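In order of appearance the chains are A, B, C and D, and numbering begins at 1 in each one.
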Amino acid sequence: MGGLQIPMEHVLTLAGLLFSCGLLGLMLRRNIIFMLMSLEVMLNAAALAFVAAGAKWGQADGQIIFLLILSVAAAEVAVGLGLVLQIQRRFKTLDMDQARRLRG
Amino acid sequence: MASIWLIPFFPLASAVLLLLSTGRMPRQFAALLGAGSVGLAAVCVALLARAFLADQEVREVTLWTWMTVGNFTPRIAFYIDGLTVVMMSVITGVGFLIHLYSIEFMWEDESICRYFAYMNLFVAAMLLLVMADNLLLLYLGWEGVGLCSYLLVGFWYRDPNNGKAARKAFVVTRIGDTAMALGLMLLFTELGTLDIQPLLAAANSQWQTGDTLPILATALLLGGAVGKSAQLPLHTWLPDAMAGPTPVSALIHAATMVTAGVYLIARTFGLFLLAPPTQEAVAWIGLLTLLLAAFAALAQHDIKRILAYSTISQIGYMFLALGVSAFASGIFHLVTHAFFKALLFLAAGTVIHCLHHEHNIFRMGGLRTRLPVVFWSFLIGSAALAALPFTSGFYSKDAILLSAWEVPGIGPWLWAGGLLGALLTGIYSFRLVFIVFFGEAHHEPERQPGWKMALPLVLLCALALAGGLLVLPLAGVFPHTGHHQPNHLVEYISIGTPLLGLLIAYLLFLGRQVSIDTLVESPGGSALRDFWLGGWRIDPLYDALWVRPYTALAHWWRKEPLDGVYNGVVTVVQWAHHKLIATQTGELRWYATTMVFGLVLLVAIMLRNAA
Amino acid sequence: MSMALLILILLVGGLLAWRSEKAQANLPRWVALATVVISLAFLLATLPQEHTGNWLQHMKLDWMPRFGIAFELAMDGVSLLLLVLTLLLGLVAIASSWSEIDFKPGLFHANLLWTLAGVCGVFLAVDLFLFFLFWEVMLIPMYLLIAIWGHENKTYAAMKFFIFTQASGLLMLLAIVVLAWQGMAINGQLSFSYSDLLGLELDPRLGWWTMLGFFLAFTVKLPAFPFHTWLPDAHTQAPTAGSVLLAGILLKTGAYGLLRFCIPLFPQASMEFAPVAMALGVAGVLYGAVLAFAQSDFKRLVAYSSVSHMGFVLLGLYAWNQLALQGAVMQMVAHGVSTAALFMLAGALQHRLHTRDMGRMGGLWHQAPRMGACAMFFAVASLGLPGLGNFVAEILVLLGLFAVQPAFTAVAALGLITAAVYSLRMLQQAFQGVPDKQRSMPDFDAREMLAMGAMMAALLWLGLYPQPVLDLARPVLEGLQTLVPPGDTVAAQAGGAAIVLGAGL
Amino acid sequence: MMETLFYLAAVVALAATGLALTRANAAHALIYLIVSLLAVAVTFFLMGAPFAAALEIVIYAGAIMVLFVFVIMMLNVGEEGITREREWLSGRNWIVPGLLAALLLLELVIALRHAPTTTAGVDVTPKAVGLTLFGPYVLAVEIASMLLLSGLVGAYHLGRRFIVRRERRGGAS
């Protein structure tokens, strides 16, 4: 089954919308788990853009970059969730506004 | 006479030895070394003087070239002519007697070693000053004697007042010295040498009489001379310098160092002849100083301060002589003054020594019979000081007054002023004698002077009496000024004035025909007395003019005002630091938001560039 | 090669001193002493007898040829003088800290030696990049000396010292890069070598700014008014050895830099700038003297007197004639010795009395006559008594200056009076007056007297027979004079100078 | 027909994402996120990238999201945590993030204005992907493997201490 001929504009706009949603979530949420989820959404949006670009040329490169993003996301989630556990242990909260040891 | 260098070397070596011993030398040995080295130098000077008198030959000795920079080649070299021989004789001769005297005077002082070290150093520096063949070496001696004066005035360092007096002496003379240094720079820059004889020759060939440059140069030199010789306006240090041991006052502040200014002007007289305005200024400074100091001497009650003011006054006469081109008379007065003033100081020192450090003349009295040697010394010294006929002072002062009289124009004024000074000298010197040695006794002397004190007194008495008969070998040094026109009236007046002074002193202080007390206690009289006692209130004036502004400025700047500028920079940086650090909230959301903000901006910029 | 070895000896000696502390606590002192003695002997033993070209000694190794940077060292008379001074004062510094430093003596002596190495490098380097490297190298150990072994306010002082020199050094780096860049534009190849950059026909405006970069770096170090405020703090807070090195040597690197780089590289710009520089010199002379008078802290007083004396160096360098230049070099040497001695004295006093406040001294002469005599000697040396080195320096500077700027000379000569005022005040407050009966303090011991005696002898020698020093410096200074186009002397700028002075006052 | 499917998937993805990010309960949010991922997988498939679509479902929606589930279960936030989340989501908190996100979106849209082309409409088979991946991109594979390894090590390290502590505390009580 052949792929569809979808206007790039639409696909990329979708990616942009998803990315903005992720960004919004990142800035909006105080819970670290939701922040991580927002990151996933953003990564996913970027992946979508790559895949669309690959599809535009009918080449495999887009999917390969998707693969790389996937591995980045996997690693990030693994480490990020480990950190979530540590934060919960140290600060007894997931609220990142309260875990602000970085303050100068 | 290649061994001329030995003359300053003896006292110098002795000073170094004494200093290196750091006070651990036995006092007998220290005294022997201290006085002996000057004695040896005196012997050498005597030999030199005999040789000089025999052949009248100028001797020049170069030890080494101090430095060579371009055409600036001052040498460590000596130039011995008649003037130098006279000065050297006075320094080592009178110096030796004073050293001898010091042995007894300072015997009980724990720092006798240090004392003789400084004294010897002084003699060495003073010898260098007069022997120097160039002005830079002269300046070395000049500053050297200044240092020794500082050290010796502040010799008894535990009393802060002594230290203060010493500092005052050094700093005030240093003001003059700086002027002199500038004079040297001017001379070198214009004439290309500082060797005195070539310098004078070059000045004569390059400059016309009355040019600006010689006037400026001599004015600067005069500044140095005025400082060292305690003339107006830099005379204020000398009365305070009496804080030192009395033999020091005799040697440094009467006989030798304070006359260095006179020597300087006499040595460079060729320059002064090219600058008539400066020379006239010398005369007027001398006259003003001699009058001012004589008035001040009238009101003092510290025996040494009276002598100090009289020294200032007598040096005023020397300046007067230099100002009227009577150089030889000026030097002659320098020599006789060295004799009688050293005598007076030593005698005063003996009084102080025997009365256990009593300085106030009103607490003395009746010492005529109790200290006969001192009395006669004092009497002879005062007679010479007052220039009573046939004493040494008479010959020299008379010559100066006659020379002043003969100056066209201002001459009679100078003469009259000098005469008034002579009258005052008569009054204050015999006031001293009458109060201290006559009348009733307030204190019994604790001891009698020993031979080491008495011998110098006796010898100096002889010199003070007969010194007027000396003929100084100055003919080859100064231009011949021509014979004095015998003017009998002037001479009689000159002779009579000191006698009049003596008479007034007698009436006021011994005979009590006129009550001095009523004079002093009248309102005007007491104000005048206080005014003179305070040395014409010049010290408070200078205090307000220079000292206090300087200390106030220093105090104001104490905390380094410039630091304020740099601290201002620091404050700005710290302020910015605090402002920027406030953005480090530690809130993840804040960071994310700011990043997005930046992202938005960046993309906007990129879009704008792409468009 | 011997010059590189000299620096290497000091560096390695520092390392050895550091490590030797492990073996025995007293060993670092001996190692340091031996190192300095060996390097001094080495320096004198390998001294060439005659010039090869412009230099007494010259060496060049490729380092970063791509950027025209070489390891190039060269020695002439002035560098030799300053090297000898550096090593001698290194000995004095070691002597003065012999019983004073108990905390980590190994590291202390290592830093001391590394400072010396840096200074030697500064005096020898003729590649501008290398020069800058050494300039920084000498800074860091000095910073550590102050920051670790200093007195009550050491952190502040060390920071201030570091920031002042570092910031000005940055300007110099900038100027060096710009200069090398210009050199490439003119010569066609990038080079940081002194000889390649000498005599470039720079664009006047650019040359002026580049000159200013060098000038600022060197005058901060000198230090000239108004960049001197780091000095009183650093000198006061530094340990004795640090003060000795700072005052004795590090300040001279500023003067040396002016003499070696700033003036020869930019003769035209320097000529135009001379009146300003001289005005700064005069201001420094008087300002330093007034502030020295106002201090009650012994070390601070000496520090401000340094500001005053280094003003004479600035005057001498920019008066730019044989007399004044010789005077400036002489002042560098003589001031190095006299101030080092005064700081050693101050350190000894502080070590014994635990105070630097002169108000709490007084009458010390009675308890420590040898110290009193030393203080007297060096105080009168610093007030410029004839017969001692400082006088020769000052009179030469003033004589030279008089020929070009009589008005400046007259004002600067006031410094002679003010110097007397503060020096004598110091003597009076610390050593004269009534001694405190309860106080007991040991006088100088043999080791300290040896150091003092050597410095006294040096000053007397400089004062009475300065010819060897003058002869050593002469070829260098004559070379400097040939940079000036005839007829276009500093005197031509006199009018501008008077205005500047008027504004400055 | 198929195009409609694409736009449907797009709408589902957007809606699910929006819901996911506004839920107070993490578990609910996660479910919505998975839905969103599945919808994106559909678009991949429709664009002719079946391999990517499969991976999206298997790894993203499957493996990675399961990790989230585990963590949420471990933390066991509870009821008051959910109410707190709800409070945080309300009110002015929206203004600045919303504005910025909207701005960025606007910028992106402006940037994408001139892209009139469509996707090629060909399938890129897993075989093609595999050939390219282990051909020119072999280095990227290595880098990715290292990245995953470091992720593994990091996660193990961080998580292990947490678990050990918990066990010890549990044992003590």
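Criterion: a contact is a pair of C-beta atoms (placed from the backbone, for glycine too) under 8 Å apart; a residue touches a chain by one contact, two chains touch by 3 or more.
Model, not experiment: these values are computed from the prediction.
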| item | value |
| --- | --- |
| Each chain counted as touching subunit C and subunit D at once | B |
| Chain centre separation in whole Å, for subunit B relative to subunit A (CA means) | 95 |
| Cα-centroid distance, subunit A relative to subunit D, in whole angstrom | 5 |
| Chain centre separation (subunit A, subunit C; CA means) in Å | 63 |
| For subunit B paired with subunit C, centre-to-centre distance based on mean C-alpha positions, whole Å | 37 |
| Multi-partner residues of subunit B (at least 2 other chains) | 593, 596 |
| Per-residue overlap in subunit D, given as positions that touch at least 2 other chains | 96-97, 100-101, 104, 108 |
| Shared interface positions of subunit A, touching two or more other chains | 23, 27-30 |
| Touching pairs among all chains present in the structure | A-B, A-D, B-C, B-D |
| Subunit B contact footprint on subunit D (complex, rising order) | 96-97, 100-101, 103-104, 107-108, 110-111 |
| Of subunit B, residues touching subunit D in the complex | 593, 596-597, 599-600, 603-604, 607, 610 |
| Complex contact set, residues of subunit C against subunit B | 226, 228-229, 232, 287, 290-291, 293-295, 321-323, 326, 363, 365-366, 369-370, 373, 376, 380, 385-387, 391-392, 395-396, 398-399, 402-403, 406, 409-410, 413-414, 416-417, 420-421, 424-425, 428, 431-435, 464-467, 470 |
| Partner subunit D, residues of subunit A touching it in the complex | 1-14, 16-25, 27-31, 33-34, 36-38, 40-41, 44, 47-48, 51-52, 54-64, 66-68, 70-79, 81-86, 88-89, 94-95 |
| Interface residues, subunit B side, partner subunit A - complex | 581-589, 592-593, 596 |
